[in-house]
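A, B and C label the chains in the order they appear, each numbered from 1.
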């Protein structure tokens, strides 16, 4: 008996060590990025783990850079991501609910079409998207919002999987009591899907903070740095003129760390919902 | 049964699409309509980010003299080095006047993105600009941009470690110190081919069938690349500045756009010189560089061709070139600006102007086929350097490149 | 019961509707919505009527020319530079803008299809009302029709906006992209281009791009399999490790792994590239520890393709494992315990239980999302583009490096030096075909798996 408990303790210790090792592997590069944002850098390259010279100048610089209005970027991105979060979440949840709970003739074909559409690489559509938005005179943040929201109807898979797991008998009972389908959706469907809503909202919220490609295509033409989102702005900082990459590299890293902070905090607080959401969806695909 | 859905959907789609179609019809026929210069004009000017502040100032002066012309100075979306793709994405939304390196002029002219300059401007450029500059912006007999700066790579070194004599020859340079460079960059490395005596596109750089690097001279240059792999004094790196700062390298091959950054790193030990001599094919020859001319071109979609042309001329006049030199280290191309005291006392400018002389550098060709060249030359040099391409393959690889880049 | 009965009510052919219907019904065949208006379904009737009027006006004034010009993609194929003596400057007469012509041509076709669809809807509605009238049943009033939008037709209400979004921001661009593959839209024809049939396909499959296409395709498939399998397998293992008995602060551990999501990939991967550089931190650390005698070329241009590819897959594990760890976590939490208990009693050890019970169950549940991940990996742009940019260079390829995937190559062809839009459209279609074939086979397989 004693040897058994010893063995178990040994196994636990071993597992803790393994976990700690893995955690270090995963977290070290992040720590390194944070360290790099606090280090003095005039070469555009970080070749050591521990900075040779600490400085706060990168953080001061990113907020006072006359060419790159970081503050505006954050506000722009916040507006776009909040709006996109609200609208996309509603659309995605609606589509998922409809496809999961309601039966109608167009349902099967729609599921198939959605699957097919998802298989085309998105890049080629960018040229067309650009001209569509130009035709609507919307080569701006609002147009970008439209692009993010426009795809929401196709992102229903995870949420649909979630709705599939809720027994239909709940709806039927309510309908027998005389509730309309809208009331069922509003008073039963939505409250039940709280983890799913959080998951979808979080995903929609984060996208504008990290997307540098679509935002680049749509916003770059204006050449007005004040209208950029933070992802494109930062990417643009180190990918335009020769020599720029070197001069602004450290500020770029600092800017990235700044936007990672709120997202990390969101993650920590919403992790439970996130896990529930993602797994409920994965259950049924 | 789902009449409502279908209907709502259908009619919404019809309405939305029609508004879209209507918008398009309004805007799509905006082409090069012509206004006279006295008319009011709103122009957009694209320049590289770090140049925005002083070009704003220059543009303000321009507006003072031309009261009817308003100028908006903004950054080139992805930098002037990507002018071709930025303008090509949607020429009608691109700036009226934009900064562009001369090697893209041929393709842009062929595509119809840019207008040739007026005969007077052409005459002025031919007369008052240094020879390479006017040549650099000329494509098929017409001038396509107002040049304002010249760029060539030079050698930057730490003068506490290397003397001016040391950097005159590759052999002494690499035995006394380490030079950091990038063999994966055809812009930096291809000119060794010129030193070896080959032509990329003939003597004038515009002859599609004039390539001569599929030859023994070309093979000699490839051998030179391969030999550098075992040269302890040559460091292949993608982050030369960092190596220079850490002291792993004492010299780097770089361009004037990085001069300010290098000055920051080397401080009082900063020194610059023209490229050294190298031994290719058993001969000691001058190591050459590509010479680039930065200029301002006029968008062919502009509604105010005359005003745009006036603006481009103004922002490349002597004062403007000297401001660009003072603020961003751009090296002027206007003869009387080149001879000004400010430029003469600038060691970087001195070295670049020296490099710009014939025999030290070759103007970047402007043929549209340069796109293919850049794509294929870099893997060739890189592969030769690191030994992925064996000496026995040299001839075949050069032949393939020569064939690919001379296709119509 | 009543509903069912109504459903099997005798149907009417359109011929019958036409011959026996009243004037408003007959009129509906030409003027949409007239029947609905006659039956006091104002909203529906007006919507149909207005749609028809708007469509006809548009079709006459703009639609015909838009569709007509689509056949040639514009009459003026080349630019003309002329000298404007009055101003003393050159002016360029622009060729036809084929991109816009193609885009609005596609839009016009979609519009016509939508109109035909609407016309059919109109006829159906007319027939429906006709049958109700013929059988003496109640025709829904305006209010009833509107109310049904929140009840029996709720799906229609909720789907309209998402469907419009999909139509304009996915379907239209996709159709546009597909048509581009059949043109000569490239750097030589950047503004005005023409239809050239399957020529671009020929270039990719047997022409100057074939020597790049097939090797890159091969690597793309290997990458997709390896990336999906490694992240899935190790994600499951990591989830089991965190979920195993005795480990405390599970949420904390999970958070540690998930933090890399919070950092935008364009910085985490860019820094990773510097970390793995020949002169980078990793090589420095390994050298200082004397684990290696000379630095290793991981992902730079001097690296061997094999090393670079392995490195890329490893870095992708760093990015991808946390996701699949999260997904597997709750599956593990919900796994039925009885089988495992039974196996334990039978004396199975942990490895056996994992191999024959836990893992198959997780695989079963996750099969559909694995297929999606696989397709996602075929199109995984960020990891390659930001980490290696395709490096090491490959002198045998045209515009691609040894680690380039089809999708990054596609990007290079569009936005890089060569600007071969038609070739990249072809690549897009081929990527689609590959994804479709793979998922078809996989779905078949998983279905069989479920039944067996």
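FYI, a contact is a pair of C-beta atoms (placed from the backbone, for glycine too) under 8 Å apart; a residue touches a chain by one contact, two chains touch by 3 or more.
Labels paired with UniProt names: A = Sugar ABC transporter permease; B = Maltose ABC transporter permease protein; C = Maltose/maltodextrin transport system permease protein.
Just so it is clear, the model here is predicted, and its values are computed rather than measured.
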Which two chains have the most C-beta pairs in contact?
A-C
So which chain is farthest from chain A, going by the mean of the CA atoms in each chain?
B
Inter-chain centre distance, chain A versus chain B - centres from mean C-alpha coordinates, in Å
37
Based only on mean CA positions, could you tell me how far chain A sits from chain C in angstrom?
17
The positions of chain C in contact with two or more other chains are 100, 155, 157, 159, 163, 168, 274, 277, 279
Mind pulling the residue numbers of chain B that touch at least two other chains?
2, 5, 20-21, 24, 239, 242
Residue numbers of chain A (touch at least two other chains)
45, 47, 104, 131-132, 135
Would you pull the chain A residues touching chain C in the complex into a rising list?
8, 12, 15-16, 18-19, 22-23, 25-27, 29-30, 32-33, 36, 45-49, 91-92, 94-95, 97-98, 102, 104, 107, 114-129, 131-132, 135, 146-147, 149-154, 157, 180-182, 185, 206, 209-210, 212-213, 231, 234-235, 252-253, 256-257, 259-261, 263-264, 266-268, 271-272, 274-276, 278-283, 285
Touching residues of chain B toward chain A in the complex: what are they?
1-2, 5, 19-21, 23-24, 27, 44, 46, 48-50, 52-53, 74-81, 86, 89-90, 93-95, 239, 241-242, 244-246, 255, 257-258, 260-261, 264-265
Give the list of chain C residues in touch with chain A in this complex.
99-100, 103, 147, 150-152, 154-155, 157-159, 161-163, 165-166, 168-174, 176-177, 180, 238, 241-242, 244, 246-247, 251, 253-268, 271-272, 274-275, 277, 279-281, 284-285, 318, 322, 326-327, 329-331, 333-334, 365-369, 372, 375, 379, 381, 407, 410-411, 414, 421, 424-425, 428, 431-432, 435-436, 439
What residues on chain B touch chain C, complex-wise?
2-18, 20-22, 24-25, 28, 31-32, 34, 36-37, 84-85, 88, 91, 107, 110-113, 115-120, 183-184, 236-239, 242-243, 248, 300-301, 305-306, 309, 368, 371-372, 374-376, 378-380, 382-383, 385-386, 388-389, 397
Chain C residues touching chain B in their complex are 44, 47-48, 50-51, 54-55, 58, 62-63, 66, 79, 81, 84, 86-95, 97, 100, 104, 107-108, 110-111, 114-115, 117-118, 121, 124-125, 128, 145, 148-149, 153, 155-157, 159-160, 163-164, 167-168, 187-188, 190-191, 274, 277-279, 300-302, 391-395, 397-399, 401, 415-419
